[in-house]
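Chain IDs A, B, C, D, E and F follow the sequence of writing; residue 1 opens each chain.
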Amino acid sequence: MGAPTLTKLFKIRGGVHPDDCKLLSADQPIETLPMPELLHIPLQQHIGAAAVPMVRRGEIVKKGQLLARSQGAISAPVHAPTSGRIMGVGGYPAHHASGLSVRTITLKPDGKDEWRDNTPPVKDPFTLSPEEISKRVAEAGIVGMGGATFPSAVKLNLRKRYALHTLVLNGAECEPYLTCDDRLMREQPSEILDGVALMARALGVEQVLFAIESNKPEAQAAIAEATQAHPNITMVGLPTRYPMGSEKHLVQTLTGKETPARGLTADIGIVVHNVATALAVHEALHHGRPLISRVVTVSGNAINQPRNLRVPLGTPLENLIEHCGGYKQEPARLISGGPMMGQPLPSTRVPVVKGSNGLLALTQDEIQAGHEMPCIRCASCVQACPCGLVPLEMAANIRAGSLDNSVNLGLLDCIACGSCAYVCPSHIPLVQYFNYAKGELASRQRMQHKQGETKRLAEARSQRMEAIKKAKREAMMKRKKEMEAKKKREAEATAAAEAQA
Amino acid sequence: MTAAILIITALGIAMGTMLGVAARYLAVEDNPLVGEIEELLPGSQCGQCGYPGCTPAAEAVANGEAPVTMCPPGGKALVESLAEKLGVSVDLSDVDEKQPMIAFVHENFCIGCTKCFKRCPTDAILGGPKQIHAVFSDACTGCEKCVDVCPTECIELRVIKPTLQTWYWPEPSKAA
Amino acid sequence: MDQMEYFLIILSTALVNNVVLVKFLGLCPLMGVSNKLDSALGMGLATTFVLTLAAFAGWLLEHYVLTPLDLGFLRILTFILVIAVVVQFTEMAVRKTSPALYQVLGIFLPLITTNCAVLGVALLNVQQENSFLESLLYGFGSAMGFTLVLVMFAGLRERLALANVPTAFAGAPIAYVVAGLMSLAFMGFAGLTTN
Amino acid sequence: MNEAPLISGPYTHARSSINRTMGLVMLALLPATLFSLYLFGWPAIFLFITTLIAAMVAEAISLRISGRPSRPFLLDGSALLTGWLLAMTLPPWAPWWIGVVGALLAIIVGKQIFGGIGQNLFNPAMVARVALLISFPLEMTLFNPPIPLFSAQAPGFLDSLSITFGNSDHLDAISSATALGHYKTELSRGLSITDITGGTDTLWQLTTGTAAGSMGETSALLLLLGGLFLLYKRVITWHIPLAMLGTLALCAGIFHLIDPDTYLGPLTHLMSGAAILGAFFIATDLVTSPTSIRGQLIFGAGCGLLVYVIRTFAGYPEGVAFAVMLMNACTPLIDHYFKPRIYGRDSKGEPLSYAEKGGES
Amino acid sequence: MGTPVEPQYRKRIGYQAMLLGGFSTLATALLVAGNIATKDVIAERQREDMLASLSAVVPAGNYDNNLLENPLTLERPDGKPLSVYRGTRGNQVTSMAYEISGQGYAGEIRLIMGLDAQGKVLGVRVLSHTETPGLGDKIEVEKDNWILAFNGLSLGNPPREKWRVKKDGGQFDAFSGATITPRAVLKAIEDGLVFHQENNAALRQPPVINTDTVTRSGVNSYEQ
Amino acid sequence: MSSDYGRIAKDGIWNNNIVFAQALGLCPLLAVTGTASNGLGMGLASTVVMIASGLLISLFRGIITPQVRIPVFVLIIAVLVTLVDMFMNAWMHDLHKVLGLFIPLIVTNCAILGRAESFASRNNILPSLFDGLMMGVGFTMVLVMLGAAREVLGSGTLFANAALLLGQWASFMELTLIPDYKGFPLIILPPGGFVVLGFLLAGKRLVDRVMSNRQKRVTTPQDSATATPT
């Protein structure tokens, strides 16, 4: 309301207008969830290599203590959400559609919630160098909270390789139901902006655009007011349209520039971060608190009391549901994240992880699941796709098994936003086709890699065999020769002896 | 009528000369197809195709004697690339992809006879004489050669389990 | 006005009296080389080249050899001989000079000898007593008609390959039906030019 | 694990379905249909019902044979709509078997042997209409002027039964060519357009539908209304209809300017024959038209051009069905060559590149 | 293709040339022989064909010569040559037949028309047409009697203005739903009759008797 | 050897049928099959050419070089076709009138050259001759089937004008199956030819499937497994 709109906005292609359903939880202030009985903290809560455990069974840890360190360039450490005793390091069902188990640290809270005290917070983080900021962000285990869970420090280091000029704060929260970013922006605008300013410093950019969709007027107002303290940060109101929050489309809306295919927004000088990430940066640098909890929207018509909860990482989902009064009715689907891009969950035992921004229990009526029919080529999906793809043809090719064709049609440019499947009157699970194909392609690539490897091995082996054979032959020849020489010598000797005789 | 015969004969001779000349001066060497195909094949010389190795298999494919679907280890991806190379169309739905398997040595029964080790075409089995042998999963192609030679029948092929990194959505039409 | 007439010859041979759909010539390559759009395009180009050349050669043979000597009964023999040789020569030449083009056209060239449209058009030219230029245009127009239908057909078949056709019809049978429906559609051009 | 099958998102869905789309199209057709049924009386009603029933029966039988579930496919409304549109293009007093044979051709040859809904390459109703026209030119070119239900000359219920189901020669006596057919015949005799019209206001007759023709030609105004309704409901987009009608009008306009005596004016072209029905209901058939916007514009323009060429220069008085079928045959090509531009790539599919990386703006 | 090892001589250009040349010789020789064997029979068959269609339009009792002998070649109004076959009795031309054509619905309709010396129609038959089966093909005598209605008519009978289909105010029936075809046939016949009238003199001149083979003896008779 | 001939016969007539399996020879097939009799005539003429070309080509295969292979083959075929054309014109004139334009096109009936390339130039005289016969019979069979189907559906008769083809004795074959049939001209026209051929081929597929199902039930799995070369 009354929010200043900075520049003219640019149009993006496609997109859809799903019912945003945010009223269910938008007015619920963020509440802190009581500490559960047990925490299950997976070692992999981010994109990249899994963290390496640093604790052993039976060890007592303090809140914020490092539980597992990162390994490799793209990875993130994991910290203890509270103080307590390590019950074990082993397999536990992952927060993932597959229901597979992953290595997880199980922590039994001792109820004291005692902080470790070794990292003294810096007085004024703005005196830190950009390198130092991103180092601390990395140490705090901060990953992108907008869903991608990419280690944020890596993104903050992008200034080394790209000429950056703008940081965009992604407050679009374009997924229906989700209100966690909305609540954060309403409740902690100045903390967020502080984090933003730190990130801008780390990136070395002058201009910061804080983009918020127009269906969150209170958040817009709160941020607009807080920006008065930050002259280089500008609040921008966005039209409400899914997937406005996709970083490439967000950037296009703001600047009119398209990110090159297979490239990063940094290619055009822009880095995008989520608002919750900014808050985490603030917490890490001002208070020395690593990323150990996050805000989760619990919503959906099957939930008794939809809420926004601040939850320690590793809390089983059943605790969240219980805290929200349980089910109104048996949900038809239990989803992590928003209804457009979220993942179905195999059970309520799985823990909250760094990337969980929503837990939705949806009723049959909300899902609008229909019987799958053949594609009628209505082109709704073509019109809806924000990436200019032809989903129906990609899906048809995938169904017919010609994955290469679907790649030629642009499969790898698909951002899996789900707009196409949302509008499809035939209820075709288009996104699943694409996900399947992407996975299958990756698996084939692995196969091919392995084949190259085995080919090398096989060749090496046959060479070795050859060498062995040759060596044997040579040895034999040598022996033969030796024998002959010996014989000859003997013969000579005897001859000589005879001659002598 | 003799004129007719003469003229057509002349035409025939002229044409024949033309083709003869063309064949001489426009000759092209044999196609390098075999080599190219061999490049594509897995190269593990496992013999599952029914040919003694990948080179004979490549020759057979190039001569059209073997179908592009002949190599089980290559899977669908290989079929596709072969079909592309040869310009033929195949019905991929007929190629049922064998689930990738790897060998697994039951350590309790392994007597360290090294028979499997000698048999494995990709050196995927590690271990010396009288030691317990283990399978190096990244190198094993699941060719089953080691299974038969083991005197204690302690080698078994197992389906490779997906991990979070390798799991992906099933194809919708095949999903439950 | 003359130009108009030539235009009409091409139009009529390409659309109204389409070699494939109306005259029933060249059906085997239509069925054989229409699985992929790119191959179809290649086949169309190769055929266009050969057909025009055949019309040209046919006219020369007819007017300088067969008619003067009254050897009409040798027409088929000489035409097909010349066509076969021309095709084979072209194949060799293309293969040598442009391997890239050979990749596209090469495999089709031998097939063209047996494309009856090539001989058919040469013979029809004689039957209709076309002049030299008319013969060429007739050959070219027919080839354009062939290419047009072949390319459209290939497009349709590429879509068929992705469609859920009942097994009994999948593949060739449905392709024939589609050819039938295309032929039905082309009947709309009837009467476009009186020829 | 969860009992529900593992289906990937999105887990919310727009309230759209095939039934709804087809239902809306039928709703849009309803006013024009009712008006035409009124205009042509009982025989038209009988033929209409017969055709619809035959279409449904053909669909049911085909589904049974191919072993697919009948209920969802029968109830999706597409067979009914195909039958409906086919009936709209038949001479209203044609004998019953025309409708039945047409429906069988449309559903079986036009649709089901391709694998049913969504798989067909040609517009089923147009396949049937063209096949009928070529097979039974006599029955398919005998039209009658409108004799509204309950008017004095209108045949009674029983008479009508014999017109549709018996073999009555009733029609020959009152047969009358359609406007386009009349123009075509008379022009071929060398008459000029002013001679033919004789000064009567045919355009108005055509627009209000008081001229001879099939049900789908006689109420251009109501059909236009229905078309606008579909646009409003976003079942179709404006691209195909506008491109088709625009091209038709443009061609007609140019030739009419050159020689008004041998070439009909653009308005006559738009309002006569199946131009409106074709542009809004037939060329727009989702299954057989291109998917991209540019493709749809080209498709529409192609239809318009072919309609004009066939009407004006070729043998048939009306060319909508042929034009649509010809463009249907081009649809895969259009789809292949005119795809939307992919985000982040240029029109050739290469990734965009900015001259200086991270360029400043 | 799959020939294993080729002897060297086969690679020579001369070998290819001689091979193809040899086969050409053989082929031509065979065909020449075949041609000689069948030429006359085929010519005979073609004459029979012509005769068959002629006799359909010229009743047998009308003449005593061979209709195919001495055809007269005249120039049609459009400049193309037209062969007229004449039946004679004694030295008198009693009947004649020639080809006429009109532009039908879907293409040219070729007809053959027989007339007596006075220009009365003896018979008309369709030689070839491309009209719509079921509509325009009723002009074939196998399908309908319509074409027989012209027997006995001539240019003045009925009067010229009645040489129209009923729909155009004339006296002839048309087929329902297909007026174009009958119009075309009518026009062709009318044109043919006009042609007869205009070339009456030339047509009635008796053929030259003393030629013994079928030649184009009458070629120039019209010009004088 | 006898089983070899058995296989050639089975291939020619069914498994590797020129039309059904190889999709060759389509132009004459579609063009003349307005009636069953025309189909039969075309089939017989083509068969004669196929047999003779199989014979001649396998006879000469020793001396033909790859370079001039195709021209020589087409020469041989052209001679045969022209001879057939001449003889038919002389002694089966009525049929010739119907098939006229298409006889020359037997030359390019791709099936004949195809057989020359893939069979006659690699086999001995007797098998080549037999292959020609069987391919011809298979082709004729399809021609007659398609002709019959189109004739019955399109005009309601069967073997109309058979007497023209086979002589007066064959007139018993001329049937009018559906009296007072209005006719369905579409079937006789080009579109109908394609569509009916499509249905015919689909029918062949069904027959194949039924037969292979039956076979599966009879033979044990081992029998059906194909032997792999080693």
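Simple rule for what comes next: a contact is a pair of C-beta atoms (placed from the backbone, for glycine too) under 8 Å apart; a residue touches a chain by one contact, two chains touch by 3 or more.
Quick caveat, the model's predicted, so the values are computed rather than measured.
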item	value
Co-neighbours of chain F and chain A - touch as defined	B, C, D
Steps in the shortest chain-to-chain touch route ending at chain F and beginning at chain E	1
Chain of greatest Cα-centre distance to chain B	E
Chain pair with more C-beta contacts, C-F versus A-C	C-F
Distance between chain centroids, defined by C-alpha means - chain A, chain B (Å)	37
CA centroid of chain D to CA centroid of chain E, Å	45
Centre-to-centre distance between chain E and chain B (centres being mean Cα positions), rounded to whole Å	68
Separation of chain B from chain C, taking each centre as the mean of its C-alpha atoms, in whole Å	39
Residues of chain D touching at least two other chains	6-8, 109, 113, 115-116, 119, 131, 134-136, 315
Where chain B touches two or more other chains, by residue	4, 8, 11-12, 15-16, 19-20, 22-23, 169-170, 172, 175
Contacts with 2+ other chains: residues of chain F	66-68, 71, 75, 78-79, 82, 86, 182, 185-186, 189, 191, 195, 198
Full enumeration of touching chain pairs	A-B, A-C, A-D, B-C, B-D, B-E, B-F, C-D, C-E, C-F, D-E, D-F, E-F
Contact set on chain B toward chain C in their complex	3-4, 7-8, 11-12, 15, 18-19, 22-23, 25-28, 87, 89
Chain D-touching residues of chain B, taken from the complex the two chains share	169-170, 172, 175-176
Residue ranges of chain E in contact with chain B within the complex	11-25, 27-29, 32, 36
Residues of chain F touching chain B in the complex	66-68, 71, 75, 228-230
In the complex, chain D residues that touch chain A	1-2, 4, 6-18, 20-21, 72, 76, 78, 115-119, 237, 286-292, 335, 339-345, 349, 351-354, 356-361
